[in-house]
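Written below as structure tokens is the structure these notes are about.
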Amino acid sequence: MNNTFGHRLKVTTFGASHAGEVGIMLEGIPKGIRLTADMFAADLDRRRPSLRGETTRHEADIPTIEGLDTDSRTADTPIRITFRNDNTRTADYSHLASHPRPSHADLVQRRKYGQEYNLAGGGMASGRMTVALVAAGVVAKQIIKDMSFSTRLAEVSGDSNSDHFETIIADVARRGDSVGGVIECRVSGVLPLLGEPFFDSAESVIAHILFSIPAVKGVEFGDGFEGTKRLGSERNDRIIDSEGHTLTNNEGGINGGITNGNDIHLRVAIKPTPSITLAQDTYNFEHKSIEPLTIGGRHDACIARRATVVVEAAVAIALADLYLRTL
Amino acid sequence: MNNTFGHRLKVTTFGASHAGEVGIMLEGIPKGIRLTADMFAADLDRRRPSLRGETTRHEADIPTIEGLDTDSRTADTPIRITFRNDNTRTADYSHLASHPRPSHADLVQRRKYGQEYNLAGGGMASGRMTVALVAAGVVAKQIIKDMSFSTRLAEVSGDSNSDHFETIIADVARRGDSVGGVIECRVSGVLPLLGEPFFDSAESVIAHILFSIPAVKGVEFGDGFEGTKRLGSERNDRIIDSEGHTLTNNEGGINGGITNGNDIHLRVAIKPTPSITLAQDTYNFEHKSIEPLTIGGRHDACIARRATVVVEAAVAIALADLYLRTL
Amino acid sequence: MNNTFGHRLKVTTFGASHAGEVGIMLEGIPKGIRLTADMFAADLDRRRPSLRGETTRHEADIPTIEGLDTDSRTADTPIRITFRNDNTRTADYSHLASHPRPSHADLVQRRKYGQEYNLAGGGMASGRMTVALVAAGVVAKQIIKDMSFSTRLAEVSGDSNSDHFETIIADVARRGDSVGGVIECRVSGVLPLLGEPFFDSAESVIAHILFSIPAVKGVEFGDGFEGTKRLGSERNDRIIDSEGHTLTNNEGGINGGITNGNDIHLRVAIKPTPSITLAQDTYNFEHKSIEPLTIGGRHDACIARRATVVVEAAVAIALADLYLRTL
Amino acid sequence: MNNTFGHRLKVTTFGASHAGEVGIMLEGIPKGIRLTADMFAADLDRRRPSLRGETTRHEADIPTIEGLDTDSRTADTPIRITFRNDNTRTADYSHLASHPRPSHADLVQRRKYGQEYNLAGGGMASGRMTVALVAAGVVAKQIIKDMSFSTRLAEVSGDSNSDHFETIIADVARRGDSVGGVIECRVSGVLPLLGEPFFDSAESVIAHILFSIPAVKGVEFGDGFEGTKRLGSERNDRIIDSEGHTLTNNEGGINGGITNGNDIHLRVAIKPTPSITLAQDTYNFEHKSIEPLTIGGRHDACIARRATVVVEAAVAIALADLYLRTL
């Protein structure tokens, strides 16, 4: 099992949803970056449940940072950021061992890691792990300070009118159902020449970490799938100046795997949360028959809003890694 | 620069489009797998240009395989597969140094690797590199023999009627333009429990290598972007038997990053080829002005058909790597 | 900074001598291995200071093990083993910032990690880190259960009569001085064919981790340096049966980088501890002059006895990694 | 099988002793380093057999370098250096399949890679592979230009009078026997702060690659095994100035795994070549009995002189990798 991402900025997750803690180790951070707990507050807050239809599991999410010097600066040594899990209710998950949730990791995780393994709350595939990713993203953004991120929920349940999002999610939650969404991330101030021409294309590295985020089922850069319908003559991004700026940006800022200095633009498909309270007919392994499953526990009817900052963190980590490779 | 993909099955590319050769080293292949040149013929043939609108650069594409024992079997040592580049016309590319193609890697590669580096034919970001990937895919399929692949061109220029594909491509080529397409890959007989719950989710590993393929701008699994529009209650894949088969397969055979034994299903967006013969107004770095560029050389008006087997090879390599991790 | 050793059994250290804890993460342990705190007691005890002349810093060294299933078994997921640092006296080290100890890491660590970094007790290069290595060694031995280890202090201060060792160390300690020693490790029941013919020869992998142990300045296999004085005809290990047993074992059980099934035999040079209480004339960076340094803190006059189990753990980790590569 | 060494400067070997070629790929070389075939001549020449008692297999050893730009400079892309094997006599090795050489890799390699694998000339564990290492060393020295190397044969058959070396080797060769030796390497102008406090100590990284060289059975730094006999008070290297120079250099220029700016000093034990023409009683696997073996082929009665430049290359590669990690 590989828990590490990155070549120069290496991040390694540890812990699990219902273990004592979750956390992340970061190796390769340049020396002298100041990191204080308050720098993490804004991004951690964006990930916190706040709307109707989002989980009622609340965690304080106070990062403990180890490995800094006495001036709170990185010192060419690894740092570790840890979060306590205080608000777990493992009992909520016990019946899922024999009656696994549809479209959820319950069954495969149980088969892969054994009946005796604590998979409550999703174990290592839990959304809980993403609190650590957000923290690593905060550090990554300090490494690529000139890049700025604008990440937003672009669609909920196929609707792109953001005024409707809260209502849609609240309605769906009331019915015991769930919906998905599309997240858009735009990065400005991107250094050109990040990424490599083959296996570690910028798209490869970014997509790799994005698809680690639970619930992500699609990633596209620039005009992505839509662009396949167009002619080269109308889609090609004409270069308009000596810095390589382009008239359009259908490539999403990446050519041949390498950033071209224009904004990076990407979209991420977030599936409807599999945990719904509506009954679902699915196989019960104890009873050896198909039976209605009603899921308890505390879940999000739509995870896409909370995932926005997670997507942003993932992109930041990937870009920081690619940036450090060019030094 | 990282030219290696994979943890257990490691593949490393070498060479370039207009160098003497391109090739791939494979490490971690199980012992005793028989490999003969004729086993590569069918897949290499699928990648070969054959339709009107596809490049007129023809290469023999005969693999030279080194590192086998005298019985042509793998022996727990690395093997190398090499292809000669015989049909290069480097002169076709000389003017692109100062007048780089829109939406192409010309400009970023030149800036990254220097004016003196031979980037003719796309250098290391060239589609030429994919001949090596196809060869590695043939080996990968021998490692995961029980899995079978069905990969097809599903859309060309937004049209999903395959009877039209040849006509569309020929028409577009005649006009000096280009189009993109969507490739669908379905894998049957997938072993369950491949992939990991976080950074190396099956989607992450597969998407990583897919986005290495030049021209890929989007990857989705199962119902992907379309699935974001649905309700959890209608999209969740109900489990129907003790083996974990599901009634529907909207997840594309992967839950929480781990294969569930159902078919893997994915779609790949291939952008319109950037090299078109229609004139494009784009920046000329020598003249310091925007000027019409007419591209010579030998190019594909649509690379999507030829890329079908490349996508299949990439998926096979990723799955073979994930499979070997479970041994 | 790379804190990870191993390809299949990957061990990653964290923490530091005077941080809250030190520990080690292990990835790649086969499934189903039972691990309980009491299994670590014997080896941890061997590392504990007990003789006159050994440090008076005493730590409880109770391992906390995370990542096991409810039956205390490994589950194809990483585990983490952590030790609290309870008995630290950071003040003892404050003057070493300006007056670094001869033959010690004080100066280079301070220059590499900065004046603000907590290097008390040796920081990450401290012998304290080896408690984590010993714990990882206990796990490694469970992976290679058929191999048995016999590791002993073979020389102290050049004397090979073990009856003298305690007296020599106590005498030297009384004088405020220190001595080194030689550790011999013999492994029986070694599986043949571990190791690789070039970069990851069994010697390379074992020596790599052995030289991580603070105070190790030499490693030799079989007859090592002594063997260079002999003729091939008298030194070559004649094979005497179909299993590959040899009449002599001057190679130390490894040919061409690969174990041959005979016992592995190696020797490790442990230098005299640099921290002595006798005054030493050495440079004071604050006073810009050479001045006598008297070292306080709690140190070992000879670390070689306590290092015996650390050497054994390191060899076990290396062999477990090589063994897992052959599966 | 892992054929790669290094984190930042990654070198990967390919080919085998009696294959068409041997070679090495280098990744991570800084941009703009000029490399021409003549730069390799001096070091390759030092490795060439020239004395009585050294092998009569002569290879032209002309490096073919791929991946440079048109000005023969590195361009942030991998380079490959290849050597043809022209002078092979595979037939010389055929009887060794059933009657393997004592103290040689014959038996373990055959068992590991199979009867059908071409292991003539030592296969991948052959000294032939070191021609590629020497070439990589030449490149490494260009990366760490300020460091200079002084590497010499310090002992032959236990004798340290270099005037005797030629005579000893010639005598031993005449008798059909072999001898070993000790190589000393001293590096001046070493940048301080290379290496890390734990797993990748400078000693670990250097020893790892040194033990890859066939015939190496021991490595020691500074006063190594001899130093274990001394008192701390007489062995500790007093610091004498603000740059960290020391009065003595018993540590061999490395403290706590990190270079301290003084010369690196190390010694390497080279065993007597196992291939001797004197008959040896050893097991014949075909006849199932112990029988005298007489070894043909072309071998060195002492490999230590030719290994001098190989040791130097290995140290240079390790230091270049450690240096690049600090950028």
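Each chain carries a letter (A, B, C and D) given by its place in the written order, and its residues are counted from 1.
Quick note on the criterion: contacts are C-beta pairs under 8 Å (C-beta built on N, C-alpha and C of every residue); 3 or more make two chains touch, one makes a residue touch a chain.
Just so it is clear, the structure is predicted and the values come from calculations on it, not from any experiment.
Between chain B and chain C, the least number of touching-chain steps is 2. Most remote chain with respect to chain B, judged by CA-atom centres, is C. A separation of 25 Å divides the Cα centre of chain C from that of chain D.
Rounded to a whole number, the gap between the C-alpha centres of chain A and chain C is 39 angstrom.
Between the CA-based centres of chain A and chain D the separation comes to 46 Å, rounded to the whole angstrom. Contact with two or more other chains is made by residues 1-3, 112, 124 of chain B.
Contact annotation for chain pairs lists A-B, A-C, B-D, C-D, with touch applied as defined. Per the touch definition, chain C reaches chain A in the complex via residues 1-3, 12, 14-15, 19-20, 25, 27-28, 31, 66-67, 69-71, 73, 75-78, 80, 112-114, 116-118, 124.
Against chain A, the residues of chain B that register as touching in their complex are 1-5, 7, 13, 100-105, 107-109, 111-112, 122-125, 129, 155, 157-158, 172, 177-182, 192-193, 196-201, 203-205, 207-212, 214, 216-225, 227-233, 235-242, 244, 246, 250-252, 255-260, 267, 269-276, 278, 280-283, 285, 288, 290, 304, 325.
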